[in-house]
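Let me begin by presenting the structure, written as structure tokens, before commenting on it.
Labels for the chains are A, B, C and D, by order of writing; each one numbers its residues from 1.
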């Protein structure tokens, strides 16, 4: 909503909520005070789709499939920020999420909404599967290779995320006192974003997520068996025209330099031993890793300049 | 710089720095990567004033006086974010900062740059003394009283600030490990923002600042011997047309709802005992408490709509 | 449990839990790995009281009354860390907690377990009402006055607490992302610890709690209309023999210097205006403000040296 | 000092400091108030060595060599927490630290002070080279393999540290506002702890350190091309008698469960793809990663029970 409120070509329509339906939006989110009026409403997707040009869905996995079917049938465009349409293959979805897909016929219509990967097909799609936060950070660190020579060995992605990645539900594991002054790995060897990355990497990916004591941001440290000099040149060239991805000339990225924005900072570094490259990728998991890319996809869907509404800079230098 | 880069009526001119002169701006502040090019430069105020319509100064106390004299003589407008021109009276300055003022004749020209207090005189001024961060939070919690019936007894201001208020110099007391997981009071009974507040309160103000483990934000809790019902009505009316100050209908303000913005959230609450009102005021010390108000003053100085370039919302709800 | 495991005169008995009954203690609290074996058990207070010399209760308000009745009848000693026995007067309890007290006849048996206030009567009691965390910090800043000349005007207590004060239940307001990088006041004019403080202050107390982004610690800033010189001498003398309370010669207390300990650091400071004293008090809300004092009371109840098991120092300097 | 003050067999002798010589110890470190009296003193190593049984040195790299020579000649034992005696080979030291070693003849006398690796030789040594914090976390995750079958391929160590690892000097990069709400990698491919680990791993180690927003703790995530089932059994057996290292049956380690202690928690996990094991290792960089191991070495040097003075548990569960 923060992005949409500031987007000059967007008129904010109905704001949906489940548990908070009926509450004043600005009471639930006081940062919107004076900018957004009205209440959250319960969803009626059949009606909604007719009244809006595009609907953003932010639902837990398994819950977007019905709504997407309804919305798509009205002709409305959909950007789904959930996981349900990220796999091209229904079987891959079932293996990863443990449930059969309810509308596998729509998987072929969905475009994986990473603009740097699929710019042209996004522009002509009706249904966008917005990428996961970890896959965004990880794939941007691999994309120049994937799109050119391909990967030829196992890749290690050691990723660190702020707590907002866990959503806003009341869980003990997300309590301040559980997270503060600590770091842990979680979902080692079994996190669902591993297969999402592998779908595009086409090589084994050892993906290990960690929870660190901050609100926003993901840093992915990616270990690749390739020559660093060659990769630095390749990455710099590949991203030279991208509006939101920067390969740093020198220095290493920090998440705080991209927090609150739709930007990604990358560094391509030689490891201590020859033959390995370490690519470090920093994004805001809620920005470039979710809502920012959703707005980027909106701009592509409606042929707007790509940076529209996405100009904000990080608060921290 | 973050505000100015996004301001549609501003063309960013020379960026000054002392120790970092000669360095690439986007290297020092990677969040500006792709938006700002060029290097920091050493100041030559005589030349600068001729080439720019307005100069913002962000210097330690005692160091703005010479530059302001030079700049003013060129006809340029100046917004001084430092402390040197905040007191109308040179003697008050000397008592508070321990040094004589070098250009007391300019004090009369300076307007205290709090728009809610001095909107009209700011618009016609050449020299603006941007308020201190603590005085902004504190005075906004007192202004409706000051401007109407006045205060008639000692006021207690218990204020809590994030660490960015201490600036970016390398001091042990600002190290992560000194500040994290701790709170302390400091400057009890002797902080320089006490007299700055009293200059307008015209009553004794017991001002106690505290350092808390966060980057941005000030919360001031202000204890006033007045009837809370009456004050709530007064404050709500007083601020009803102000673009950046909201008196909350219900609930209590959090600094995170205004972080990164030029906004102030106020709550006017009854105390446990009759006859006392507790006003709670939340701002971003670097936004409404410094750079945001400086841009607000810029808009007033150049007759621009007051909210121009100040629309950003807090990242956190 | 951390304190008890390290106490040389204590043998840890049954560990009770409600929701986590049946789980391995060291699985729930991995910090106890290798030091505590066994599982949490459901409570049977009648049996428990016969098998143990002392039972510590840590229950939500309103839930200790039945267990205390059962335990007391077995002859066992009880340290209740909850709120149910902190008021000497059943009517004060009802007004503050909104429910009638179920065993008002036991209120007279209960001793308010602040050793600095009630050392002798604690030693001979069977039932100890361990003080609240905010009242501990606040009353230690007032006790020398209360015990000698008394207070003669309204006192303002502006208190700031880490998040552990809210307990470990899964509430949205205690989530990392809600608390981090923010400060807010809460319960203004209506927090239940206000009347608990007033019970001993015998003057109106304006008590305002704030939530700050840290795990442990309370800092109370207390405004008193008294001469600071006189108070500094009084406080220094009053606490000169206390093992756990220090009046600082110079400097101001930080919560991190007492975190994890049973200590309180106090500073007695002149305000900016004559006639006011500002006392700043720092404790660990879970240490001196809860478990530490409970162990201190245990030592008094069993005539052990008062510092036994309470020697630990803060991790942070 | 915190550990030594609580150690029942230690009498704290002279406390050295450079910049803070002459200051009251308890004024510099208020957490020691009431437990430590006296002032910091300037070092005279020739005298010191005669008056003390053991001296702990905590000096920047390159600065321990002279003091160690002087101390050793007096017959005193030395635990050097700095880097100067960690390499057995003077040339490896020179390559890593960029300076020639001044007393290479002492390198043969020094024992690398990791008790789990060198228990027996520590007990009979005069000079202990206490391991670096990152090497402690990393080597404990590799030691069972190193000591048995050896490593046979490149190992990746992705390590994350709290800020206290950077020491207490006033650097901009350690300021609260630079570190808070951010993560970054640093020293990629060139950190000096890489060669320290490789000295024992005898295989290439890709070591990447990261700075995360917390005070204490290191988590090392170690990627090994070995069968996870086999490694889990090996590690569990190898550490079964170690007093300070636990291989978790289930779950994953958090740094907060070992913060403030001399303990290490390890998990041995299968990766998403067969043939890889991920070992996660959590320590307190200032505890097991520095002062805790120094005290452990003291216990070994003087034939005291190994856990003496090291019983403290983490504050957080």
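Everything that follows uses one rule, which is that contacts are C-beta pairs under 8 Å (C-beta built on N, C-alpha and C of every residue); 3 or more make two chains touch, one makes a residue touch a chain.
If you're wondering where the values come from, they're calculated on a predicted model, not measured in any experiment.
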Checklist outcome for this item: Joint neighbours (chain B and chain C) are A, D
Checklist outcome for this item: When C-D and A-D are ranked by contacting C-beta pairs, first comes A-D
Item to check | Separation of chain B from chain D, taking each centre as the mean of its C-alpha atoms, in whole Å | outcome: 45
Checklist entry - How far is the middle of chain C from the middle of chain D, if each middle is the mean of its Cα atoms, in Å? => result 36
Checklist outcome for this item: Distance in whole angstrom between the CA centres of chain A and chain D is 38
Next on the checklist: Counting only residues that touch at least two other chains, what does the list for chain C look like?
Outcome noted: 177, 180-181, 213-216, 253-254, 256-257, 259, 316
Checklist outcome for this item: In the complex, chain A touches chain B at residues 2, 5-6, 27-35, 180-181, 215-216, 246, 248, 250-251, 253-254, 256-261, 263, 265, 311-317
Checklist outcome for this item: Seen from chain B, its contact residues with chain C in the complex are 154, 156, 158, 160, 162, 177, 180-186, 188-190, 194, 204-208, 210, 212-217, 219, 221, 223, 252-257, 259, 267, 269-273, 276, 278, 280, 282, 316
Item to check | chain B contact footprint on chain D (complex, rising order) | outcome: 163-164, 168, 170-172, 174-181, 213-215
